[in-house]
């Protein structure tokens, strides 16, 4: 399935792009997407403990299954206001 | 001495005017001015326990001597805002 | 410097005057005429002031708020005369390095203003009658 | 409805939209760019957002604030992109029957916004360097 990855703030800068694309086998979980991203972009590793993940606009956990083709966002600690 | 009286809110309405004038002997106190006003305008009596008094723009007590010609204001309980 | 005005309060210049490079928080409070009070329908409010004393008391409030809450700026405007429903009778603006102080100061100014400034409010009801709000006695 | 904008926040329409006959209190909070942070000179802030999720989170904040504080109105606008010193990055406006609720709600919205909305702030310093503000981790 096709994962459309959105990157923000420090995650965007470390990857050098606001978008990335992953192809993952059916049944993959959020953790698999993160591992795959980290292999492609090792600079994300340091940020990993601080990242939250949203799938199709909703916060998700590492163990959550991906619903098929979806949008997965990497969200560093927030600082609006 | 000449006392220029300023009346506000309920005090103004009971007297029927925003201004009044008193002539008092030298040495008169705030309490004398109030008593004199109450004789001239009996409708003020009911309000008297709720009134504060300012002399030349500063809050004064009943026992304070009047400083000579001055402005004396009758101030009902306040309700700005 | 505080102001007493007899027309609708002009808010944008108040916010403009509150801009401070060293501050990160501006709070603006507006007290507006509400259409009801204690179960009765209110058509408008009417305010009067002992102007010289009210201006002095408001200036003291601005200065004290600045010292007490370490504000960069504080300004108070009160409207006098008739104030229709939804229009503002009072505006308080505060500017502070952080938001806690801006909020605390605006609230404190409003509490003090209602207690200590010689301004009076009359409610005009839809029956055609009117009454002065009970209010807070000034210290004697 | 909340808004994300890329130009200076236009405040007067926000106040206009907050007018409610049944309300007597409007509070407007503006978070502005301050010229210093932790001892360093700040030239400007830069904001980015995960827009679809930020708009949903801000809409939830508006709705929750209205229910929790019995507001007549609540609106949030956040600016994105570069925000120079003294300009507002965020505006929160609340309208309530009484002032306590208007103040409490605006403060609550700001606290929650900083904790739970996917918006990020970068500080640009006068040395030419820049850094993302440490921030609050979202729940995982």
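Each chain gets a letter, A, B, C and D, in the order it is written, and its residues are counted from 1.
Here, a residue touches a chain if its C-beta (ideal position, glycine included) is under 8 Å from a C-beta of that chain, and two chains touch if they have at least 3 such contacts.
Just so we're clear, the structure is a prediction, and the values are computed from it rather than from any experiment.
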item	value
Chain A-chain B separation of Cα centroids, rounded to whole Å	75
Rounded Å distance, chain B centre to chain C centre (Cα mean)	26
Averaged-CA centre spacing for the pair chain D and chain C, given as whole angstrom	24
Residues within chain B bordering two or more other chains	none
Multi-chain contact residues (two or more partners), chain D	31, 110
Touch-based graph of the chains, sorted into line, ring, star, complete or other	line
Each pair of chains that touches, named by its two labels	A-D, B-C, C-D
Sites on chain D touched by chain C in the complex	11-12, 15, 19-36, 85-86, 88, 97, 99, 102-103, 106-107, 110
Partner chain D, residues of chain A touching it in the complex	6, 8-10, 12, 50, 52-54, 57-59, 61-62, 73, 75-81
Residues of chain D touching chain A in the complex	31, 47-50, 52-54, 56, 78, 89-90, 110, 113-122, 132-140
